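A, B, C, D, E and F label the chains in the order they appear, each numbered from 1.
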Amino acid sequence: MQFNAAHRVHNPALSDEENRALFGKCNNPNWHGHNYTLDVFVTGAVDERTGYVIDLAKVKAIVQREVVDKVDHRNLNLEVDFMQGIIPTTENIVVAMWRAIEPHLAPGHLSRLVLWETPNNYVEYDGR
Amino acid sequence: MQFNAAHRVHNPALSDEENRALFGKCNNPNWHGHNYTLDVFVTGAVDERTGYVIDLAKVKAIVQREVVDKVDHRNLNLEVDFMQGIIPTTENIVVAMWRAIEPHLAPGHLSRLVLWETPNNYVEYDGR
Amino acid sequence: MQFNAAHRVHNPALSDEENRALFGKCNNPNWHGHNYTLDVFVTGAVDERTGYVIDLAKVKAIVQREVVDKVDHRNLNLEVDFMQGIIPTTENIVVAMWRAIEPHLAPGHLSRLVLWETPNNYVEYDGR
Amino acid sequence: MQFNAAHRVHNPALSDEENRALFGKCNNPNWHGHNYTLDVFVTGAVDERTGYVIDLAKVKAIVQREVVDKVDHRNLNLEVDFMQGIIPTTENIVVAMWRAIEPHLAPGHLSRLVLWETPNNYVEYDGR
Amino acid sequence: MQFNAAHRVHNPALSDEENRALFGKCNNPNWHGHNYTLDVFVTGAVDERTGYVIDLAKVKAIVQREVVDKVDHRNLNLEVDFMQGIIPTTENIVVAMWRAIEPHLAPGHLSRLVLWETPNNYVEYDGR
Amino acid sequence: MQFNAAHRVHNPALSDEENRALFGKCNNPNWHGHNYTLDVFVTGAVDERTGYVIDLAKVKAIVQREVVDKVDHRNLNLEVDFMQGIIPTTENIVVAMWRAIEPHLAPGHLSRLVLWETPNNYVEYDGR
């Protein structure tokens, strides 16, 4: 699932100079942004009645409501409840998204989240 | 060639309400952003000495210097000289980039610019 | 925009034998199917007020209503009004889709439709 | 490896109404279809003589013969021996394909099968 | 259609020094290589009997026989009849392939050939 | 990260005839080549100060220096120090690249290397 968002990689506990040294152009105070893609993986046994592990339409509705609607066309530093106080690196975003999605999937379970920041780099998280 | 930028689709000649009605979530005052991809097409005769129409390394250097370095990890509304006073829709960005690149390619000629805003939509411009 | 559909390449004016000879496995009477992708191109001047040629959300709504809702998870030979009496090759489908979309886009104009039958082959149509 | 097939997600042990409620448009009695892509992963030690774990040409020939030739341009509910009595969801198809391929790979071993139903969703199976 | 080949961009009419200056690392005397992808476009009227412009299986067979079989796993400077005496740049290869394919397509006509040298650059040729 | 290289799958301990029988067209003495893509995966805890597991720019610089600069536009059989005496199959190349990269990443750790020889086949290695 895709969303477009603005962000700035910035640690407010550090000075501006330290932030620039650590994060370079990703620290630009005027923001930049990405087309993020989130791949969601659910694991489990196949239900004999449906032949599904889980109905994909349900997974999509949960991810749309709990994550995509909150971040799409938003500023990840300023406007997203589950990102408050968190530096919006891809690593931190994917962990926060795991926590936002996992409780709503029961009895299913997330096995993996993959968050693409660009077509060339992504972070993979398995909850551990 | 790729770049990541923040923007907001906003016409300063209109009221906030009109902007919201016209542009919806793309008008978010806290910005959002994209991984843009710019495809550059140059046309011409094949040079017998090199077998090239033009040396791609030269094209890349021009596009990097005249366009990518100015927009990558930048805010398209606030920080880009060739976008001053222009609503940063994909249509307007690609026309502005044509004007920024074309004069530096002589004796070669741009035949087409394609600017992808997301993997699902792009604008194609041929200079006319 | 994507849709999944079943079809069979079959000319009812020919014998079964002729159909098998012409179309091979694509003529299978038990059907086969594809994930089709339709790329829609609209041309025009940039509107100074919006910076858009046309609002993509409007284009998507038209294509969804006039085409995708009618073919997605459908049988192209049996269930689609604008395909009645037409052999559902990619060539014929894309022409029929042009006729279904074009009247609803005014004052905009379709410049090109591209219909992918598989990731390896597509048909491009410009209305002529 | 790719194949195009028609199917209908339908459990014959349930009523038509229950099937429609469970599977929605995927239950269409007139079929729909997909371009499936099957990714095949084989694991093992590198053979010092060849530098290969296994000759890919051999893997391709086995998968072509045991799976692709049986499903390409076919109806997964009606025409495929290894799918008899199985609801053709992506989950069930990939498990059935594992059973069809694995015995022919010895002394190699399948480590993973990934079956893409569309460019946006796939099922991954590791034999457990 | 894909093929893998070795080549060296080298003009034998020039000195080694001139070649290195013009072509840089692409002039390496020990060769380098690419996975080329050739996209073939045929234009024409739709045949009412078949619904096809041309049977894609026929196009593929012609391109396989006239081009792919001659270049796949080959050295473009040393082993390909239609490349004798031609500097194997993407521009020159695509023109040579046009000449190799076009005569065999009648009554159909090539409208465009696109040759990808890498996923990031290609040359498009329309016969003029 | 991408690189283009020539190679020949050949075991010098075997006769020419045995090599041809084992490797077919991949054994062509005039070489062939590929656009290789190397995907590099690093694992570890997220650093609270930066929100990164590791700075991607550092990973890219290491892989560029230790691997890409040595193989890009090169002949893998003749010109690459870490490939001396090794049959350049994808399996062997990826293991050699692991050994070339891993010592320079400390305190980070490689978790996976994926080397694509073509868009259709790759080898995955996790160091075991």
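Please note the rule applied: a contact is a pair of C-beta atoms (placed from the backbone, for glycine too) under 8 Å apart; a residue touches a chain by one contact, two chains touch by 3 or more.
Fair warning: this is a prediction, and the values are worked out from it, not measured in the lab.
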Touching both chain B and chain E (chains): C
Chain copies touching (chain A, chain D) - same or different residues, decided at half shared: different
Centre-of-Cα separation between chain E and chain A, whole angstrom: 43
Chain B and chain F, separation of their C-alpha mean positions in angstrom: 35
Whole-Å gap separating chain A and chain F, where each centre is the average of the chain's CA atoms: 30
Junction residues of chain C - those touching two or more other chains: none
Inter-chain touch pairs (all): A-B, A-D, A-F, B-C, B-E, C-D, C-E, D-F, E-F
Chain F residues touching chain A - in the complex, by the definition given at the top: 41, 46, 49-53, 56-57
Footprint of chain C on chain D - complex, ascending: 2, 4-7, 25-26, 28, 30-35, 72-75, 78-79, 117-120
In the complex with chain E, residue positions of chain C that touch it: 9, 11, 13-14, 22-24, 86-89, 91-92, 95, 121, 123-124
